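Only one structure is covered here, and it is reproduced in the block below.
Order of writing sets the labels: A, B, C and D. Residues in every chain begin at 1.
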Amino acid sequence: MSISFEIDERVAAIARRTTEFVRDVVIPEEQTCGGGDVHAGPEPLRRRLQEAARAAGVFAPHVGEEFGGLGLDLRDQAVVFEAAGRSLLGPLALNCAAPDEGNMHLLEVVATQEQKERYLRPLAAGEVRSCFAMTEPAPGAGSDPRALATTATRTDGGWRIDGRKWFISGADGAAFAICMARTSGAPGDAGGATMFLVDADTPGLKTVRNIDTLDHGLFGGHSEVVFEGCEVPDTAVLGAVDEGFRYAQVRLGPARMTHCMRWLGVARRAQDIALERAAERSAFGGRLAELGMVQQLLADSEIDIETSRAVLWRACWELDQGRSAAQHTSIAKTYVSEAVNRVVDRAVQVCGALGISGDTPLSRLYREVRPFRIYDGPSETHRWAIAKRAVRAAAEQRDAR
Amino acid sequence: MSISFEIDERVAAIARRTTEFVRDVVIPEEQTCGGGDVHAGPEPLRRRLQEAARAAGVFAPHVGEEFGGLGLDLRDQAVVFEAAGRSLLGPLALNCAAPDEGNMHLLEVVATQEQKERYLRPLAAGEVRSCFAMTEPAPGAGSDPRALATTATRTDGGWRIDGRKWFISGADGAAFAICMARTSGAPGDAGGATMFLVDADTPGLKTVRNIDTLDHGLFGGHSEVVFEGCEVPDTAVLGAVDEGFRYAQVRLGPARMTHCMRWLGVARRAQDIALERAAERSAFGGRLAELGMVQQLLADSEIDIETSRAVLWRACWELDQGRSAAQHTSIAKTYVSEAVNRVVDRAVQVCGALGISGDTPLSRLYREVRPFRIYDGPSETHRWAIAKRAVRAAAEQRDAR
Amino acid sequence: MSISFEIDERVAAIARRTTEFVRDVVIPEEQTCGGGDVHAGPEPLRRRLQEAARAAGVFAPHVGEEFGGLGLDLRDQAVVFEAAGRSLLGPLALNCAAPDEGNMHLLEVVATQEQKERYLRPLAAGEVRSCFAMTEPAPGAGSDPRALATTATRTDGGWRIDGRKWFISGADGAAFAICMARTSGAPGDAGGATMFLVDADTPGLKTVRNIDTLDHGLFGGHSEVVFEGCEVPDTAVLGAVDEGFRYAQVRLGPARMTHCMRWLGVARRAQDIALERAAERSAFGGRLAELGMVQQLLADSEIDIETSRAVLWRACWELDQGRSAAQHTSIAKTYVSEAVNRVVDRAVQVCGALGISGDTPLSRLYREVRPFRIYDGPSETHRWAIAKRAVRAAAEQRDAR
Amino acid sequence: MSISFEIDERVAAIARRTTEFVRDVVIPEEQTCGGGDVHAGPEPLRRRLQEAARAAGVFAPHVGEEFGGLGLDLRDQAVVFEAAGRSLLGPLALNCAAPDEGNMHLLEVVATQEQKERYLRPLAAGEVRSCFAMTEPAPGAGSDPRALATTATRTDGGWRIDGRKWFISGADGAAFAICMARTSGAPGDAGGATMFLVDADTPGLKTVRNIDTLDHGLFGGHSEVVFEGCEVPDTAVLGAVDEGFRYAQVRLGPARMTHCMRWLGVARRAQDIALERAAERSAFGGRLAELGMVQQLLADSEIDIETSRAVLWRACWELDQGRSAAQHTSIAKTYVSEAVNRVVDRAVQVCGALGISGDTPLSRLYREVRPFRIYDGPSETHRWAIAKRAVRAAAEQRDAR
């Protein structure tokens, strides 16, 4: 066995089908929703796209075959999700958009068989949507998850959840939430969190507002959600009590990578628009593509995309080997999210006035990618963790001699 | 006489009044228009703000006293406009927003007395608005003005204008346009342009659409405008025939600098929000403001703002000395527009999820500042000009020895 | 077959031996030559190091077994050369330093069996050294190889070479040169170059000076060399007449990658010094490693190293598949050479005054890595090529639909 | 009084004379010392250059007329020192190089009349040199001056100094040192330091080695110095006991700015070499100066230089007003030191192989400027201080409302 960048033929075929599907079916649909603005969650569009994806043989590529998916591992997903990501609507069509995709993975790994049938199966089939209720407004759980303030207290035969969450993506219209609540310890403690499966119609669970954000490409948007005396039975516990932070890592490591895959598709789309424009447009007596500063913008974006892809694949491979890969996923998430921002920014610049107008998708993509440097851990938090691990690894290596 | 950064006491007083006016009157109005979204041009808001500015003694600071203004030179404007720029509505209130402010300057320098009375006086008083119709869609006049394709051909006693313009800021609702059209030569030639004053109701002048752009802070937005057999009399010529490119420089040099002044106010606003947030918010067991990576973001923005202000003041001083100052204004425009983008981007990052939400002005400011690196000459065009001038200057210096 | 970052067990073992060999044998030798200053070419040191490498079982990892090497492909070399690169002397010890390593590869691919025995065998064994005489002072062949001005003209039964070369690494003390000369066409033409094997003692070949450069880590330094009526027989032609530019690509693609591998080792060395220093040193009441801005420097370097390695491995894999991989090698060369510079620069900064002193290897490494952004094609030339290929690829893709 | 960038005519004349003097007299002398390598302190060269500067009427521009100087304030110095800085030897010639220049300023402000006669007069005249002994190896006084570990303890009628200093510029050959020692408190305390004037021949003061550093342009180099039972009389105290940290600020604020002025001259020199090269050299069928990526390098350096000059002048003006200007000097030092590095790096890149050779001054300048980001407070320390002050200022402004 040796280093290889060979893409499995079956996966390559799925990726090709995805590319064609996005080009022929998904991108034309962008016109119907302002370039991919699905914060209001247009349900008919979602149904239509997912049916088409199923027909194209590219639906739910990440889900195990038992639950109707294509059973791809993370490296394979990297290839297919990038192809899907060329349109903001692509991942929605393939049912591999956040947060559902990450929730499916979490449920596959942690849920009981009964929970899988009840929650995973319809989710994987696109019949319902879900959300992941972890983030809280300051001073609660944000970039530091240990600040978790929402509590779940024992009741007779169950739990009572109280707390406020925000930036809960897809909450509006979700059939259920996976809610992270503190079952022991105090805010600041590294332990004591538990995950709960909470049906949307449970009394005491309320979506209080949809937050106005820069990005508009996530189906249902990002909501502020309140749990107020929200009672759930013992069977609502996902996994074991007090093990929530550990499960969060199960979800977040891969979820960060699938985010990166989709963003990379966005970057590739932006760059392709810039390349096309540069090839067509003339200025100062020549094609734009022959001006050195434009070439520099284009080349830097090619470099950003290639390096992003390579480092992302590396992290995916590590996860596929069953390793925690925390250092690799932090590095990939930080680098890719920043690289994607640079690529889209350069594409805007190459296209000039056109780039900041609604006449190309770029002005929407420009807004979409900025939050990626904050979602799933801001760059600063990841850099802090990367440095700590590097210092520790160096110390261990030294001590080993 | 020696280098001085002393601000004249009268100017300092105007700046103080402007700061208070923006804080107490203008910023509260942001709530009424989505944080400063005035692309739809809400006329009552404009009237209300301008009356308040007049009452506060800060109206039309850049206009000569003869036409009702405060008569400030560019260095003085730099101080006052930055204070006004803290709100996207501030320059509108002071009647020193683009494109009117630049048009007033152009009219003061080039127009006949009669033209001044007819166009400048009501414009300076805020009774009407105007637009500057130069930019054309590719392959017309964009970053390369010599590509000018709109033509004005001789008629009996006047001119007939034909052509398409876009990104014409403030065209929707303007009382008149200053239109740049080719009166001799062909696209690509360095000469042969003429400026025309065209009343909005002139037959053949039509606003065909308002362009959807990333920024929303310019009153009336940016429109696509068509001149089709649009006939104007000889008195509509602004300045001399075939001298339009020269006048464009009269307008664009200072206009670039006043743009920078206003943007710098935006940057200062964003940084102040970030500083406040960093001081308040706790994370990882300390105040955000005590985390090294946050300090780096904050420090880099302070550096960007200080260097921007210094280099901008330098360019203003050069212009105030009556020099062309093309190198200084190119450097200031390029640097300030990029620095302002960095500052707002960092403020977003410091504020995290809050920063990309509508709960602070940052997400709007983030969108507003991006086009500045394209408007008024993209950074690449300015860098090209800067390099050419530097190479030429070095050669001249060498030859002089 | 799927994407994999698995390192073959045999290769991993060679890399481990190399790491230990460099740590225990090579790095201590740095003291004897000012941290790795081998521009003066201390022959006894070279012999000593190469014997030790042979004893350690890590000699000539890139050479085919037929010629006494370990027969590693490029991906395998990437792992081993990085380990060797931790010391500027490491590649010299393993006999895989530039320019000999690239020449061995070229000879293995292009030379006749007779030429291999005469030139490759002693070179692979470390008995002699060689140089590659392509680069010329302006306006000759530099970043634009087509500017090749050195000529080879037909004589009776051979060729006569005339021209001036500079930055010919390792020329001083080399047993032979591979000289690139124009056999048809004129400077600026894309064809007409031929490679010649020229023994060092051939009349008319003269090393006129050793150039004083920032870097000092290349055995024998960089020389200026003159060919003046230098006559060689027909058997001196390497490959076919007029095919020199094509062979140059055979050499340069992989040679760029092996350069990157060795530099990556330099970067890793610098980063490890910084990590150790940050862990030990206290400032402002805490360990340096706990200060956020230091963590940012350390994290950015980890990111740079991981992304460099990933994108480099990708390019190596492409070459190992027998593809031209020009886009991948340009991207890897540009990115890695710049990333390595950043990493060393940050390590200097983390170590402060110590970093710019001779008390750590950093100040030497800082000087060594700067030229990498110029050698083997400056970043600008590669970016120009990357952009052109990207534009062309986009056009082809468009036309294919 | 208003913002002005007017240069006083007398100052402009001194600057012109300095420019010509450096061009005609100083730069030719670079050949005699490896481009400006004066770490070994060649005394005849120093004497020769200073005599020539005196003859040219540009000697000691910063020194009060009472002590034989030209009496320029900091803004004036900014203009003249930049001109001097074009050669590494320029400031030495004008007797305004570090550390003597900063020591002269300190003595002018703090010393008694007697001390001025004994130490300042010969120093200002160039008869002797001096050093400033503050920095200590870790864990002593480095970027955090409060870590000061060297002690001065009371003796009968004087003080006994013990401690180790390093990076003491110019110590080798200096006639006296200004030594910073702790007279009360413990390392980490903000107070309790005292400055002492110590003659070089005082028993117990010993230069133990000259440190090998990246830069070689400081006369006498940087030494490690030991004070071991070094006894000085009470008259050796400079200023008041325990007030050393305050005086250090008196010295360091302006000294940082004069450093910046000289570096800016280095940057301008590097850029002029790049401009000349770009204008001369052809590649890819055109002049280098017409290639877009080269233009970008050149333009970015023009921008860096202009912004550096503007922000530096601002800080100088603040200091000239008698303000502490800590924020302004931190910003200017951080920005200018980094900008200068970028400019020299770009000049190297524009010149390619030539740039990293000794055939232009660039490879030496590249080495010289790197330590500037560490000397006089590393960028990280300044950024930390800038952020803290900005947060505090924002809080004060908020409280004031």
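Methods note: a contact is a pair of C-beta atoms (placed from the backbone, for glycine too) under 8 Å apart; a residue touches a chain by one contact, two chains touch by 3 or more.
Chain identities (UniProt): A, B, C, D = Acyl-CoA dehydrogenase family protein.
The structure displayed is predicted, hence computed values, not measured ones.
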item	value
Chain whose average C-alpha position is farthest from chain C's own	B
Pair of chains joined by more contacts [C-beta pairs], C-D or A-C	A-C
Copies chain B and chain C touch via same or different residues, half shared test	same
Intercentroid distance (Cα basis), chain C paired with chain B, Å	51
Separation of chain C from chain D, taking each centre as the mean of its C-alpha atoms, in whole Å	38
Residues of chain A touching at least two other chains	291-296, 380, 383-384
Chain C contact footprint on chain A (complex, rising order)	1-8, 11, 75-76, 78, 271-272, 275-276, 278-279, 289, 292, 294-296, 298-300, 302-303, 306-308, 310-311, 313-314, 316-318, 327-328, 331, 334-335, 380, 382-384, 386-388, 390-391, 394-395, 398
Complex contacts: residues of chain B adjacent to chain C	291-296
Partner chain D, residues of chain C touching it in the complex	135, 138-139, 142-144, 147, 166-167, 188, 211-215, 281-285, 291, 293-294, 345, 348-349, 352-359, 363, 366-367, 370-371, 373-375, 378-380, 383-384
